[in-house]
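Shared between the two complexes below is chain A, which has chain B as its partner in the first and chain C in the second.
On to the complex of A and B.
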């Protein structure tokens, strides 16, 4: 029943799309006043998508296996929480979530853009409707979440156990808010370009949307990364997996856009940058959807390898690309006549430098992700691009990037000279000394490392100082940049200082190293609602005699019948202790992996800080203007 | 002139990207880990396609003979592409082809075989995909060459000319 309501709401919502297009075109031609009927129609469209989404959630909650999506991804013994989160944990449901966010955002956009001109609002709505209609057709034609199966199966196939996790329950919605938020930026930029509407006021208005999607995208990536850290059991947090790259690419584009829009808002320069970046952010999000959903790349996120779906997104994606190219080349007039009269040492230059670095990082990630596909098509040779590629190409360039990030915010618009040279140099010397000291004491001698640590410390100290000297002027930028320096430092020290031990142990055995002793005390069994758990009890004693108990788990899920290994992680502000245990085939031994990961928690905190900076900037706008 | 060449140039670049992605879609896309082990085949009990009978895996595989277990489905486009190779292999004397019908509807599967002919000695049904999981399959299609109850070769993705020749070589 719920499925049926869901399905018909979906169809109704689609009809409203057509109505909106019809009314918008009429309104665009005829009158000068914005027709409020259109807002009502958008609201109705949104409501129908909500209804449809609720229908799907209810089908999941009541385990209605006559619905194919529910049958494929749910099971009666699954806890209620995961039944609900299972709604968007699959291809069909997650597309419905896309639609939900698409319609929600355009509705909010219309409500919050009353001071803009009628033409601009309607054109934005029209571009957004093109995207929405595209997704409607995609959902209804190739990935209908409400397919009926008969005879009705008595039991479902269950959700992949590694997806049964609280972090992963909220990861897709948050990430989608970021991805789809960029659709508004995309449509409004196209509208503004067509109408030649790009101005400082427009920049101010669209900046909020950029900030919102940027914050959600940052948080979404963070949650995904935290999940990978504790669930996948390798103790890493970023694997340069295609799926991660696919979320990183729009983030890089969006971050660059965020910096450009500031220039546009203050100086009416870099308009071409803004237009191109707005277009590429959204197309990169779509491209990501294509890469992971079509099965052209293989990963945890590939739900099904259905060539029809891939083909549809591919064609849709390139229609959008060609549409935007057409608009860009035929309507865009670069307003940056002012742009040439800035001095080489100025804020504009530093932001341009930032842009080019970001584009470089983006290109590296893009090539690393897509090149294997190209190579396979052209030479039918299979390669896989791994972390070494990214590390070699990205890390060296972080050094000048960090320096630019430190100096840039100190500069003024148009023409500037460095003030406080004394301070800047003192801090540079302090950072250099500090990093030499650290390198010496840790006994590693890489020039690159010391340079990188110096640069990161430099940014760290300078931004830290800003908190005190600059009072609250530009606080959001200080927070984000400070967070970034903290992120680089934590990742660096985490990489340098991590230790790992892999060994096979029987119950009762002890593994001894110079630094600590691991004792495998016992195992216990526990029955949960949809899995059996084997819990190991390990005591780890360090050289000072402190004992820590770690309880890694093996979970044997009933449906589908899969064994997963749950890491036990003891976190404090200095270091994480991370242990996983695995079965060794046909033996009494367990494979134990014990890792110490220093400063892990600071990686998460620093990313939170980066997004907090964005949030601060968003809130500031509200009461200052 | 400059303004006109740039859009054309960029459009062409995007067309090329489109074409490559389009071609890429039709390729099998699975990263193949190289494994030289000869693994034991998993044992299972499954229903025979289009009948009510169940069969044990031990009743299918005898020693001293080659078997090719082919995971297929009517909804899988690459399966159509590899089908002629399977038909060709089914004429080999010392090879039996066992089909594993993966997450499929019976009517569609029947139609598929009627249209393209049936290369399989036995077809077993894997309605919920659990047998494929036990075999460690990555997706559809996938084929396992078996000798003396051991997997001697694994072909991920559709069988092509290259893997076809390799199979022929192996079973000589």
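On to the complex of A and C.
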């Protein structure tokens, strides 16, 4: 029943798309006043998608196995929370979520853009409807979440256990708010280009949308990364896996755009660049969806390998790119006044330098992700590009990038001189001394590390000082940049100071190294709703004689029958102690991994700070308006 | 004389071009060095000489071949045509089971022994790495 309602709501919503297009075109041609009927229609469209989504959720909650999506991804013994989150934990449901966010955002956009001109609002709506209609067709044709199966199975196939996790329940919605949020930026940029509407006011208005999707994208990536850290059991937080890269690419583009839009807002410069970035941000989000959904990349996120779906997104993607290029080349008039009064030492130059680095990072990630696919298609040679590639290409360039990030905000618009030279130099010397001191005491390789640590400390101190001296002027920027310096520092020290022991132990055995003594005391069994748990009890004694008890878990799920290992992590502000236990079939040995990971929590906190800066900027805007 | 504006433009474009060339060069060079190739046991058997580079080997874990010790895990990867012995010390993923697909990353000692540094985790019982699938289909 719920399925049926869901399905018909989907169809109705699609009909509303056509109505909206019809009314919009009529309104665009005829009158000068924005027809409020259109807002009502968008609201109706959104409501129908919500209804459809609720229908799917209810089917999941009541385990209605006549629905194919529910049958494939749910099970009666699954806890209620994961029944609900299972709604978007699969291909069909997650596309419905895309649609939900698409319609929600255009509705909010129409409500919040009343001071803009009618033509611009309607055109943005039209471009957004093109995307929405594309997704409607995609959902209904190739991935209908409400397919009916008969005879009705009595039990479902269950959700992949590693997706049964609180972090991963909220990861997709948050990430999608970021991904799909860029669709509004895309539509409105195309509309503004067509109407030659790009101006300082437009920049100010679209900046909020950029901020919103940037914040969500940052948080979405953060949650995914935290999940990977504790659930996948490798003890790392970023693997340069193609699926992670696919979310990093729009983030890089969006971050660049966020900086550029400031230049546009203040100086009406870099207009073409802003248009290109807006288009590429959304294109990269779509690209991500394509790569993940087509089954070209293989990971948790690739739910099924259906070439039809991949092909459809690819064609749709090309249409959108073609449309935006067409608009860019035929309608765009560059209003940039940059070269009239352009000086090397100014805020806009420093932002431009920042842009170059970001584009370089983006290119590295893009090539590392796409090249293996490309090569396989051309030569059928199978390769993979691992972390060394990214580390080697990105890390050295972080040094100048960090310096530019430190000096840049100190400069003024148009033409500037370095103020407070004394302070800047003093802090540089302090950071340099500090990093040399640290490197000497840790006894690690010198050149790159010392440069990196110096640069990161430099940014850290200068932004920290800003909190006290700048009297909260430009606070949001200080928070984000401070967060970034903290992130780099935490990652650096985390990398340098992490230790790891991997061994195979039987119950009752003890493993001794110079630093630790690991004692595998016993295992206990526990029955839960949909899994059996084997809990290991380990005591780890360090060289000072402190004993820590760790209880990593193995979970044997009933449906699907999969074993997962739950790491036990003891966190404090200095370091994480991380232990996982694995069992190999028919063996007495347990495979044990024990790690100490310093400053882990600061990696999460710093990313939170980065997005907090964005939030601060958004709230400030609200007050001023 | 050219005006300031033209000179600036020219300089700007030159700078962008130089950066582009430099970064393209860096990326390509690094790609060459850091790419990891995938090979099946049969492909390894047909190698003329054993390379020092890191590779990935994929296939099925031969039934009855896993043996564990304190320091290491030994097993055999097979594509049902040829086998290769793998010696590995490190984390074993949960879905590492006899008779299922596996991908190991590491270095060849010779044509019959592979020193693995990593066994790639899979997230799904039915999932088979595309490389393994292709390698198995070829036989």
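Just so we're on the same page, the second predicted complex is superposed on the first by the 619 of 625 C-alpha atoms of A that agree within 3 Å, B and C clash if a C-alpha of one lies under 4 Å from a C-alpha of the other, contacts with A are read in each partner's own complex, and residues count from 1 in each chain.
Here is the rule we go by: a residue touches a chain if its C-beta (ideal position, glycine included) is under 8 Å from a C-beta of that chain, and two chains touch if they have at least 3 such contacts.
Everything numeric in this text was worked out from a predicted model, so none of it was measured.
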item: First (chain B), second (chain C), both or neither touched by A:384; value: both
item: Touching partner for A:356 - first (chain B), second (chain C), both, neither; value: second
item: First (chain B), second (chain C), both or neither touched by A:367; value: second
item: First (chain B), second (chain C), both or neither touched by A:447; value: neither
item: Partner touching more residues of chain A, whether chain B or chain C; value: C
item: Which superposed partner A:310 touches (first chain B, second chain C, both, neither); value: first
item: Touched partner set for A:322, first chain B, second chain C, both or neither; value: first
item: Which of chain B and chain C A:504 touches, first, second, both or neither; value: second
item: Contacts of A:561 with chain B and chain C, given as first, second, both or neither; value: both
item: Doubly contacted chain A residues - partners chain C and chain B; value: 298, 382, 384, 560-562
item: Of all residues in chain C, those that touch chain A in their complex; value: 5, 8-9, 19, 23, 26-27, 30-31, 33-38, 56, 66, 68-73, 89-98, 121, 123-125, 127, 129-131, 134
item: Residues of chain A that touch chain C when the two form their complex; value: 160, 162, 232-234, 298-300, 339-340, 342, 356, 360, 363-364, 367-368, 371-372, 381-386, 388-389, 392-393, 502-505, 511, 554, 560-565, 580, 582-589, 591, 593
item: List of chain B residues in touch with chain A within their complex; value: 3, 6-7, 10-11, 14, 18, 20-27, 29-32, 75, 77, 128-130, 133, 138-140
item: Residues of chain A touching chain B in the complex; value: 157, 290, 294-298, 305-307, 310-311, 314, 318, 321-322, 325, 329, 373-374, 376-378, 380, 382, 384, 560-562
